[in-house]
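The letters A, B, C and D name the chains in turn, as written, and every chain counts its residues from 1.
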Amino acid sequence: MSISVRYFARLREQLGRSGDELDAEGIRTPADAWARANGGDTLPANTLVAVNQDYASLDSTVRDGDEIAFFPPVTGG
Amino acid sequence: MSISVRYFARLREQLGRSGDELDAEGIRTPADAWARANGGDTLPANTLVAVNQDYASLDSTVRDGDEIAFFPPVTGG
Amino acid sequence: MTSRILTTPLEPWAALADFERQRFAGSAAHGASAVFVGTMRDLNEGDEVHGMILEHYPGMTDGYLERLREEAAKRWELLETLVLHRVGELNPGDPIVLVAVWSAHRTAAFDACRWIMEELKSRAPFWKRETLAQGSRWVEHNTPG
Amino acid sequence: MTSRILTTPLEPWAALADFERQRFAGSAAHGASAVFVGTMRDLNEGDEVHGMILEHYPGMTDGYLERLREEAAKRWELLETLVLHRVGELNPGDPIVLVAVWSAHRTAAFDACRWIMEELKSRAPFWKRETLAQGSRWVEHNTPG
């Protein structure tokens, strides 16, 4: 199994990709997933986090098969 | 000339008429007009007053040719 | 900026579509519109209501609605305002009143729409007479909200 | 109770007429409906805007709008709620979002409509990218109102 990571809007453009598939081994939080996928790059300030399409914090627990998303402040409506 | 008095809604029904034409002589306020038109009958509590289609008080000044209206609290919208 | 007393059925969504076509064709300045529609219910104070007659004070209603719109335009930055109010005989489910406000931003639109509606309910010279299963009655006071 | 993401033009007044026909045919329980429509302006932060692309997070947007409606239904006594939101390419003057709430009374309708709209703007995962005369830019933050 694995953990899916998704990026949206400006962050997607900055990273040059819309997602990553990560080996779940050793990933316990969204922060772990970010570090694995983006090496030493700091998470941009104000980035929002969702786990399984629900808002979550960087240190919430994630499991094998989860979908993690990182995105900038929303601007709809 | 004269002063027109108009009644609306429940008040119109209670009085059994929708208006009166009063000789302007001696009528200086809506209170005077009410007394002239309705004799000793007390003005029902909460009755609203308009002079020339604008809210006014019972003791505001009226002139020959004015239109005075008495009506219950409004219930539109 | 329009306010109108209607003696025929009020169709709020068609009226809004028409109004926007006339006033906003080719324009993209209004970021926000807030709309309120009041509709005749079939229940009031626990009683089934079969019909309604809306009386008003012709002349004063027009002037009063006009003044409401002017006062709102002083308080908020508005692009357009539309106020329509039925009079005469209504059936349950019939729209009674439409208040619509267009502005560049949503706070002005929301605030102005609500303010106009509350002022209209507390001050505009309309009176409702309800037909019940037996007889009819004047509505005594408006609901506070 | 419906929320929907639209990839084709949003026609708010036609959508409201359709929705009422479906949900309120023969019913006269709703005394009040409050509606908000947000429209794409041709001006933002002092610059002329020629077009917009609205990105979203499919799956999460649906779920989030659904939860907003459920939360509103807990807080207020509502009869129906309709939330429609555009995604994809938009032109100035195109409606972006529609929030409509039906209730027996106007306070619940006004309050719930505004609450849903504010929550949607601050939390629903949509992002605007504006096309200017030269180039394009992500909208950085929503106007507070």
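Assume a residue touches a chain if its C-beta (ideal position, glycine included) is under 8 Å from a C-beta of that chain, and two chains touch if they have at least 3 such contacts.
Just so we're clear, the structure is a prediction, and the values are computed from it rather than from any experiment.
When the partners of chain A are compared with those of chain C, the chains appearing in both lists are D.
Here the CA centre of chain B is 27 Å from the CA centre of chain C. With centres set at the average Cα position, the gap from chain B to chain D is 48 Å. Averaged C-alpha coordinates give centres for chain C and chain D that are 22 Å from one another. In chain B, no residue touches two or more other chains. Chain contacts: chain C has residues 38, 117 touching two or more partner chains. Here the touching chains pair up as A-D, B-C, C-D. On the side of chain C, the complex with chain B involves touching residues 38, 54-57, 59-60, 63-64, 85, 96-97, 117, 120-129, 138-142. Residues of chain D touching chain C in their complex: 13-14, 16-17, 20, 24, 26-43, 92-93, 104-107, 109-110, 114, 117, 143-145. Interface of chain B with chain C (complex): residues 6, 8-10, 13, 50, 53-55, 69, 71-77.
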